[in-house]
Amino acid sequence: MDLPEYYEFCCRVKIIAGHDALERIPGALASLNARKPMVVTDRGVSGAGLIDIVTDAIKGGVVIGAIADDVPPDSDLRVVNRLANAYREQGCDSLIAVGGGSVMDTAKGVNIVVSEKADDLMKFSGANALKKALKPLVAIPTTAGTGSEVTLVAVIKDHEKHRKMAFVSYFLLPDVSIIDPRMTLTLPPAITAATGMDALSHAVEAYTCLAKNPLSDAHALAAIDLISANLVNVTKNPGDRNGRLAMANAATLAGMAFSNSMVGMVHTIGHSVGSVCGVPHGACMAIVLPYGLEYNKHKNGHLSAELLLPLAGAKAYAETPKNERTEKVIALIRQMNQELHDATGGRHARFFNEVTDREGRPMLPEAKLPDIARAALSDGSIFYNPEELDYDDFLMVLEAAWEGKPLDKSRIKKG
Amino acid sequence: MFLPNHYEFACPVKTNSGNRALEHLPVELDALNARKPLVITGKDTAGKGLVDVLINAFRDSGITIGVFDGVHTSPDLILIRELFRIYRDGGYDAVIALGGGPAVDTAKTLNIAVSGEPEDIETSAGENLIKKPLKPLVYVPTLSGTGYETSRYAFFGSNMYASHFLMPDLVVIDPRMTVPEDAKTTAATALVALTQAAEVYVSPGKNPLTDSYAYTAISFIMENLVTVINNPQDKKGRLSLANAHCMAGCAFSNAAPGIAHALGKAAGDACGVSHGLCMGILLPYVLERYLSLSGYHIADLLLPLTGFDVYAGTAEEKRTQKAVETIYDLQKELFKVSGGAIPRTLKDANVSKNILKDIAVKAAGGASTGLDSDGCLAVLEQAWEGR
Amino acid sequence: MENFREVKAGKKSFKKDYVAIMLWFVGKAIQAASAVDEDVKKEFAALPDYFTFSLGVMPDGPHMVVGKTRKGIVQYIGWDPEGRDIDLKMKIKNIEAAMLLFTFQESTAIATARNRMIVDGEVPHACAVVRILDTVEVYLLPKIIAKLAVKRYPVWSSGRKYAGRIMVYIRTILGF
C-alpha cells in the first residue's frame, strides 16, 4: 500500500444503500431535525416516474414542502434564486436532490442561499468561503454515475454575467446519500453504459494520478471490481436490481475516490470535448480512458498494472506476467467499450468519429479537434495528471481517439 | 465482491497525513470555524517534547492556543470540571487531543460538556444519546493508543459513550508525532487496529465502505509492523502504522464489535495485560472459530494480509487457510523480532488459566457474534495453550 | 491552574524572509520573461486586460503581485496585495508549505496535488499562470533543480536556453 508524502481524505456523507434505501429518508431527516423537505429535480427524472417513487417512499414520514422539477441541464443562477424563494415561501427546512450532476449542483447552490440568507451567491464562491453547516441535504443520484452526490464542489453558471462560479467546501457535501436501485432501473442502455464508464474513469484516474492516496485507492479498487462484474450485464439486462445496486454503489465509491484524489487527462480531454461539441460526459470518458493510460504509461504504468486484479480477477492477474499487465488493462477497457457498443446496438461509441446524436448525426467533426485541444489547456484537472500535455500532445491524443487507433508510443514526449 | 442488500455507513473524520501535516492546522481549524484550540494531552506525551512541536506548527498563524498536559491514566470528573471552566473562560472553540488513550477520552467527554451543558456528561452516556454535532475535535496520534480514538466510542469513569458525533472532525498524522515506542506498545496499538479491521472485514455485516477503511488498515499493518519493531527508525513505517490505527477506528465504528475484540478486552481487563496484545493472540483462533459459523468472509482477508500477488497466486479453495496461517506467522515474527516480549499465547502473556471461564462469560455477554460462553471458553483455552 | 498554559504562537522570521525574497525574484522574473519569451507573451496576451494575480502565503504574507497594465505590459506590481483588485489569488496555506515549494522539495504540480494551496479565481487563468510559472522556473533554475520544479523539462532551442536565460536574468535584476 503506497503512503504518499502528504495526503488528505474526507468523505463526511452518510451512505444509506439498499433495495429500500428510500424508505429510510424520513428517519435520516428526523435525526437531522428536519421534517419538511423541498425536492429538487429535473423534468427528465420526474418524467421517468422517479419522483413518484421517491414521494411514495417518504410521504408517510415527512411533509413534502415543495417539488421543483425544472432544473435545466446546466446549472443556472436564476434557477437557484427562484428555488431558494420557493423554499422560503413554503417554509421548508431541508433539501432532497434527485438527479444527476446539474441537479446536485443546483441543490447545493440553493442550500448556500437559504442557509446563509445570501442575496449574492458570488460572495460564497471559491474555496473555504462557507464557515458553518448548511441545511440538511439528502442526495439521491439517478445515474451510476457522476459521483456528484459525494463531491464538495458545485458549479453554478451566471448566464447574465457570462461566468461560472465554483464553490468548494466540505460544508457542501450532502448529509446523506441514498443508493437505491429503483433510481437507475429505467436508465436506457446507452446511458447506463456511458455513466458506468464515467464511474470507471473516476476510479481509474483517482488510482493512477498525482493526488492518489491509500483511502481513495481502496474505494477505487472496490468501484472497479463492481463495475467490471456488473456494467456489461446491467447494460444488457436493465431490470437486474442487484446489478443496478452494484453499479450505484460503484459510482458512489468512485465518486468518493476522485473527489479526494482528483482526476487527470482523461477528464481534461473529456470536459473539453463536452464543452466544444456537446458530447455527453460519460461517452467522452469511455473513449479517452484507454488513451489516458497509454499516454501516462511511462509515469504510472506500474499503477495501472495493479488494476488488472479488479478488472480481470485473480486468475487472470496471476497468469499475466507483471510486465504485460498494463497493456492487458488497456486492452480490457477497450474490450469493455466494444462489449458495450454491441450491447447498445452501436449507440455506445468506441471512438470519437462514431459519436452521434439521437438522430444519428455525427457530433464530433475532425475539424473541431484543434478547438478541443485549445480548450483542454484551460482545464484544471491537468494539474493532477502524472505527465505534462501541451497543445500538440492533446491534439495527438484527440486524433488517435477520433480514429480509434492506439497511441503512437514514439510520439509521447517523456518528462 | 460481497455487496450486502442493505447497509449504512458514516465517517465524519477527515484524515491529513504526512510531511508538515501539523502546519495545516490553522487553515483546517478555520474551515471548522475555530480560532482558539485547547490542546489536551498526557504527561508522558508532553515529556517527549511533542507539545512544543505542535505549538511551533502554529507559528506565523496569529493563533493563541491553550495547552493542558496533565491528563493521567485515570482522569475523573474533577478534571473535566476544571477543563470546562478553562474552555469557557478562555473562549476556546475547539479541542485538539494529542496522543491516544485517556487524553482522547478526556477530550471527547469535555467536548460533550462544552457543546451543551456539563449535565450532558451523565445524560449522554450510552448508545446514541448525543443528538447533535459537537464542537470541533482534532486528534493527533502518536504510536500509542487504545484503538477507540477515531471511533464513535469514549470511556470515562464508568461511563461509555457511543455516537458518531464523538468521532474527531480531523485527524492529523504527522511523522514528528509518531515517534518510536517500545515494541510492546507499538505492537499493542497495531494489534488492536488489526483485530478491529480484520473482524469488520470478515463479518457478515460488512459493506464496501467498511471494507475500504479496513483493507487499508490491514495492509499498512502487515507491511509495516514487523519492520518497524525491527527498525524503529523507519519513519514511513511508523506513519503507516498510525494511519492504520486511525482507519481501523473508522471501520470499527460502522460495524458490531467482533468476538476477538470482546475476548481480548475482557482478558486484558482481567489480568492487567494490554488489550491489544491479547487481541493479537486471540485473532487467528477466533477466525478459525468463525469458519464454523455462516456468513464470514475469511478468504477475502487474504488480499489485504498478503497483497495482490500472493492473493491472486493462491488457489481460491486455499485462501481461507492461508489467511489464518498468515496471522499465526505474524505472531511468530512478532515474538521473534521482539525477543519474546510480544506474547504468542495467553500463557506467555501471564493470563492465569483458571480465570478463563470468567473471561468467557463476560465476553459472551457483551458481544453479538453468535458465540456463546462455551464457544468463547474453547477459543480462550486454545489461545492459552497455543499451537 | 497547574498543567495549563496559554501560548501565543511565534513567528518564523527566517523562513518568511527567504520566501519573500524568492517571491520577489519570481515576480520580477515573470515581468522579464513576459518581454523576452514568446510562450509567456502568448499566455499573457490570452489573459484579460488588466489581469492581476498574486502568489502568497497565508495568513498574512509574504506575497507577490503581478499584473497587466493599461498598455498590455506585464509588471511586477509589488509585495502588498492590500487594496488591489486581484483576479487570481494563489494562496499557499502556510510558510512551511511555501518552504517546500521554494526549496523545490515539492513542485507546483505536487504541491497542488498535496493540497498545499488554495486557488481563488477562474481555473483557466490558474492553468495559464502555472504554465507561466513553470517557464520562468526553467529560465531561473539550473536544469538539475528545474527538473524538480516542473513536471516535464522542456526541450528548447539553444537560443532560447542561453540567450533567453541571460536576458531574463539581466532584466530581473535590473528590473525592466
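When the chains are written out, they are named A, B and C in that same order, and each has its own residue count from 1.
The definition used in the following text is that contacts are C-beta pairs under 8 Å (C-beta built on N, C-alpha and C of every residue); 3 or more make two chains touch, one makes a residue touch a chain.
Keep in mind that what you see is a predicted model, and the values were worked out from it rather than measured.
Across the two interfaces under comparison, A-B and A-C, the one joined by more C-beta contacts turns out to be A-B. Legend note: the chain whose CA centroid lies nearest the centroid of all displayed protein CA atoms is A.
In whole angstrom, the spacing between the mean C-alpha positions of chain B and chain C is 42.
Separating the centre of chain A from that of chain C, both taken as means of CA atoms, is a distance of 33 Å. Shown for chain B are the residues in touch with two or more other chains, namely 18-20, 27.
Shown for chain C are the residues that touch two or more other chains, namely 114-115, 118.
Residue positions of chain A with contacts to 2 or more other chains are 4-8, 128.
Here chain B touches chain C in the complex through residues 18-20, 23-24, 26-27, 43, 55-70, 82, 86, 90, going by the rule given at the top.
Partner chain C is touched in their complex by these residues of chain A: 4-8, 126-128, 163-164, 166, 209-211, 262, 377-380, 382-384, 386-388, 413-415.
Considering their complex, residues 1, 3-21, 27, 30-31, 33, 131-133, 207-209, 211-213, 215-216, 219-220, 223, 236, 239-240, 243, 247, 308-309, 311-313, 316 of chain B touch chain A. Only residues 1, 3-21, 24, 31, 33, 128, 131-133, 169-170, 214-215, 217-219, 221-222, 225-226, 229, 242, 245-246, 249, 253, 306, 309, 314-315, 317-318 of chain A touch chain B when the two sit together in their complex.
Interface of chain C with chain A (complex): residues 106, 109-110, 112-116, 118-124, 126-128, 130-131, 150-153, 155.
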